[in-house]
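Multiple structures follow.
Shared between the two complexes below is chain A, which has chain B as its partner in the first and chain C in the second.
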Partner chain A sequence: MVKNNLSLMDNRFANNYVVRNVVGSLRLMLEDKATMVYFSYLVFVLFLGAFGPMLAPYPYDETLYVNGEILRSAPPSLAHPLGTNNIGQDIFSRLLYGARPTMITGLLGGSMIISIGMTVGVTAGYVGGRVDNTLMRITDVVYGVPLIPFAIVLVSLFGIGFVQSIVVIGLLLWRGNARVLRSQVLQIRERPFILASKAAGASRTRIVFKHVLPNIAPMAVLFFSLGIGFSILIQATLAFLGVTSPFIPSWGVMVRSAYNSGLMSQAWWWSLPPGLMIAFTVLATFMFGRSYENIAGQGNEEAFVQAG
Partner chain B sequence: MSRVRYVAFRSVQTVVLLFLILTFLFFFFRMLPGSYADLMAFQGANEATVEAMQEKWGLNDPLYVQYFRYVTNLLTGDAGSSLQFRIPVWDFVKMKIFNSLLLVGPAITVGYIFGTLIGGFLGNRRGSKEEKYGLIPLILTGSFPSFVTAIMFIIVFAGWLNLVPTSGMFGFSNPYNSSEFAWWRPYLTKDFAIHYALPFLTIVARYTYLPALVMRTNVVEVLGQDFFYYHRMTGLPGEQQLKRLMNHAILPVVTLYPISMTRAIGGLVVIEMVFNWPGIGYALVQAVFARDFPVVQFVFFLVATFVVVGNFAVDILYGYIDPRVSVDNN
Partner chain C sequence: MTENAGPVLETQNLEKYFDQSTSIIDTLLRRENEKVQAVDGVSIALDSNESQGVIGESGCGKTTLLKTLMGLYQPTNGKILFKGNDTAEFGRKDWKEFRRNVQIIFQDPFDSLDPKLTIRETLEEPLKIHNISNVDERIVDILEQVELNPPEKYLDRFPRQMSGGELQRVSIARALILEPEVILADEPVSMLDVSTQASILNLLSELVDELDVSMFYISHDLSTVSYVCDRINVMYLGRIVESAPTSELLEDPQHPYSQALIDAVPIPDPKYNRGYTTLEGDVQNPVGIGDGCRFRDRCPDRMDVCEQTPKFIDVESDDDRKVACHLYYDHPQHTETAHTDEEQQEPEVSAQ
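For the complex of A and B:
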């Protein structure tokens, strides 16, 4: 069934190499059972992001009462599978609501990272010369800044908020993508088919879009996946430090309020589940990236080193 | 280019780069909206007081005058005063930097030693079960956000097992934690050691993964190279083979070490916050929130210096540990 769908897509986009290469490598990756698990987990979190609030038994900000008293820090029970927090909110519901901001963070941050990184990397790699030098020195400077403290400075520049914290992540984390994609493009542009197409009189734009991009597309998908992971990770860290809107119930904000309440080690049902959800989501994107290495046999270590 | 000339060239380059970073930081922080004076006014200080303070601190002078004053003062070792605490920046940050380095230095080093050993071991057994599954626990600990690892450690070791305290650097009962004793005396107690254990473990857990991953790949790569095949053919003893293998495979790990170090300093903020460790990361965040620019600027400059000098040192050292790298083609 899945195969049929994919081949349908193949037919429809028969002339689009970008789609063909990406779909082809995805299909290869999903043949591996472990990869299927990570992929399913990511789909599951996406599903939670879309429908979680509808599944939640209570509104995330409703204070629950039992016999007229606020149900503070109750341990897990049947009515509240993950207990309640110190102001009587159901943690399971908050966890379900929290999937949406987390997925938005990942997708928005990941797309920002890959679009800036790919633009800089491909431009630097293909155009070369002075442009390459300038862009790479800028990348070096971005590498030199300590990530979290600088993100905090930038967030306080833009004003503390949910979207701001994501934009800042996008503005800082593209550096690794740019470096690795540049080195990829440097290799690709020396290949004979580029020369052939130059000889045939193709313009630079045409070569980049028709020949270079399709060849780095699978790697871009890998970076998108890693970018989702890193965005979620850094945003959760910023949320934990208090540099995001506390009114959007993301998982990072949940961990922060557990920490702030001073009940972190007693109320494990409060601090652990959101933390673990963040950790597993990040892990799934990373492992998904790793399985790319297994089929492509390249780029992985460098990607991991550079991506952070 | 001879090596001496290369070192000289790179030294000059490093100094120029540091100066550029300093300039950038100075103007960048002046460009940010919001100042300490705004914050004072917000907290209810009247306009005349704020104005007097601005004048006293020289914040009303033109920017280039302030810049010139800052650079000349810094060259004489004076980084200005913290606006929040009214003490010289250096006095404010020195013990905090020490506390942070005390945490990061040993932890990263231990993580790298473990990681290199594990990676080398796994790479040697390419294709075996251990090689296939051995990295999984490391990937787990390596990709967990450090605050999640920290919280898990706290819940298990401090909450359930009650072995160590949840946070802080010294307990109230530490008899040496007063000004009667030398500053280093409280660090040499069991009290410090048990406070040190959890943050240390958290960092080790986070930073074992990268060297292990890189080392494994390198070992596999070197094992496939011709010169190694030659060593095997000539019947070189096992330890000698291992030595030659390690000499080659360890090189990329060495370059990664300072990178991890600087990255850990950046990421230390979170660990310091969870464990309430009086380090520089958390102080930096507080200073950013308080718009205490002399402190922020100085700490950023220190971190940048660390990165730049670290890269410089690796570039220079690389020629010694890997004779194949020559400075000629540079």
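For the complex of A and C:
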């Protein structure tokens, strides 16, 4: 399958090795039905993030009146598919608006996590020696920092805000990435193809970018998607705890408002949808990353099997 | 770099020791750990257009020797001379020149090509590093030379789509594409099946002749080494114990270890009744083994004097051969043999 697909792509763009690997792996992954479902779901949430506000029937902060009275905690109806909350806002609209901050949280948090983690991990693993020791001890220290209390402290230092809550996540959660990617690099850098490249006179930069990074890419993609999931999850936690801006209508903030109103159990149409959206989005990113790793890693595994 | 007519690549008394991992307690107590003496006083000279083999059992330091030669390890002691110039004094430019002229072929073809790159990209890399133009032409040429025909068929393949023999041909192509002067081959056929071994060996020795390349061929397999090499060095636990032209070594091995090795080569005749090699014991652990002949515990001809390190001397009657064994030279006093460290070196070839 791969053989045909890859040899058919012969224009320059498709032969760029980044494009080639990503396209090739995606194509393979989407042959799996479950992965196809996760992937479609993620595309759907991304779509909501981009166009949700335009699709929303009402502005997210508009208080709705019926006959001059605020429409408080109305159950789902045709006009309001998910009902309204205690101050008369349309929950369906808020859910659509909420996709955007959630996606921003995921992508920003995930990118921060993977970029810090990968920089630290690859540098430590490839340079080795004292640099490795220093970076890994720093990582150990970061491991010792409890996430939620630290986030609360940082937020109180930098002020409560949407972006702050994401940055806090990014500044802490890179630790796992750094460790795992370092161990990957340690394995790869002793392999003969790296030595052969050194023997040909390749510079450190060239080896890292041409040989090391492409070979840890499947792992990095897995961690990127895990990072997206974790960022969304933890941002929701922080929102629930009230250490993020309550004015940006992310799904986490919606759950918190529902909880605060004391209507958590009565107004299920208010608390349940954002909770489920968070759960499904996180699940989809995790599962998607898993299957990318499974399939993109296959090339190497085959080689190992043959060699062994 | 200055040119001279001496050996292309030469080592003088090369040593590579590895530190064992030290625990914090050792550091606190200032306990010196014993070193692993992987390569210990190796002197070899490789002339241009010559193929030399290094043979020895697993763990005797062959691969360490090769990696040190390649400049991937820093030697602990001793010199590596490339065309008479000490690599320890190399600047950036000299290294680049060295990297262009000394190439390596690894043992495991499945792991010596980057799985994420196509064959074209793999072969392109050395050319790009050394700013060589007409890339496409050269790649096609070299693929033809290593008998991957038609080259176009292989260019856009990935390593996982090729067989071991094909991959090893690509490895050879990568090593030869820069037209180097020296090839270091680390058991290039040991992971291939026998029929492929023969064709790769033929190809390698043909190309080495054709392209005027010198080759260092490392292996544990005497039959492949003798097939390719003009001269064989027998290595035991980090030291060269015997060095001789191939035919002479095979016919008349001098060192007891070489004798045992050559006796152990199977003879493809089931009716032939040969004596079995009886070599007792195991290879020592190369950790802090100190002085003395490395082979003494297993040697059938062990003498008292073997507690001292033997000189690496010319065999009488033949100045093309060298052996490191007390059997082959007279000792003035058996109890107090002169300290032999300096004499162990080969006569220096003029470096400048």
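For this structure, a couple of remarks:
To be clear about the criterion, the second predicted complex is superposed on the first by the 274 of 308 C-alpha atoms of A that agree within 3 Å, B and C clash if a C-alpha of one lies under 4 Å from a C-alpha of the other, contacts with A are read in each partner's own complex, and residues count from 1 in each chain.
Heads up, the rule we're going with is that a contact is a pair of C-beta atoms (placed from the backbone, for glycine too) under 8 Å apart; a residue touches a chain by one contact, two chains touch by 3 or more.
As the structure is a computational prediction, the values presented were derived from the model and not from experiment.
In the superposed model, A:Phe193 lies in contact with chain C only, and not with chain B. Using the contact criterion defined above for the overlaid structures, shared-chain residue A:Pro214 touches chain C, although it does not reach chain B.
Contacts of A:Gly129 after superposition: neither chain B nor chain C is touched.
Shared-chain residue A:Leu272: touches chain B; no touch with chain C. Within chain A, the residues touching chain B in one complex and chain C in the other are 304.
By the touch criterion stated above, chain A contacts chain C in their complex at residues 3, 6-7, 10, 15, 17, 21, 191-193, 195-203, 206, 210-211, 214-215, 217, 299-300, 302-304, 306-307. If you check the complex, the residues on chain A that touch chain B are 141, 144-150, 152-153, 156-157, 229, 233, 236-237, 240-241, 255, 259, 264-266, 268, 271-272, 275-276, 278-279, 282-283, 286-287, 290, 301, 304-305, 308. Touching chain A in their complex are the following residues of chain C: 67, 70, 72, 95-96, 99-100, 102-104, 106-108, 110-117, 121, 125-126, 129-130, 156-161, 164, 171, 174, 178, 191.
Those residues of chain B whose C-beta lies close enough to touch chain A in the complex are 21, 24, 32-34, 139-140, 143-148, 151-152, 154-155, 158-159, 166, 210, 213-214, 217, 256, 259, 262-263, 265-267, 269-270, 273-274, 281, 284-285, 288-289, 296, 299-300, 303-304, 307-308.
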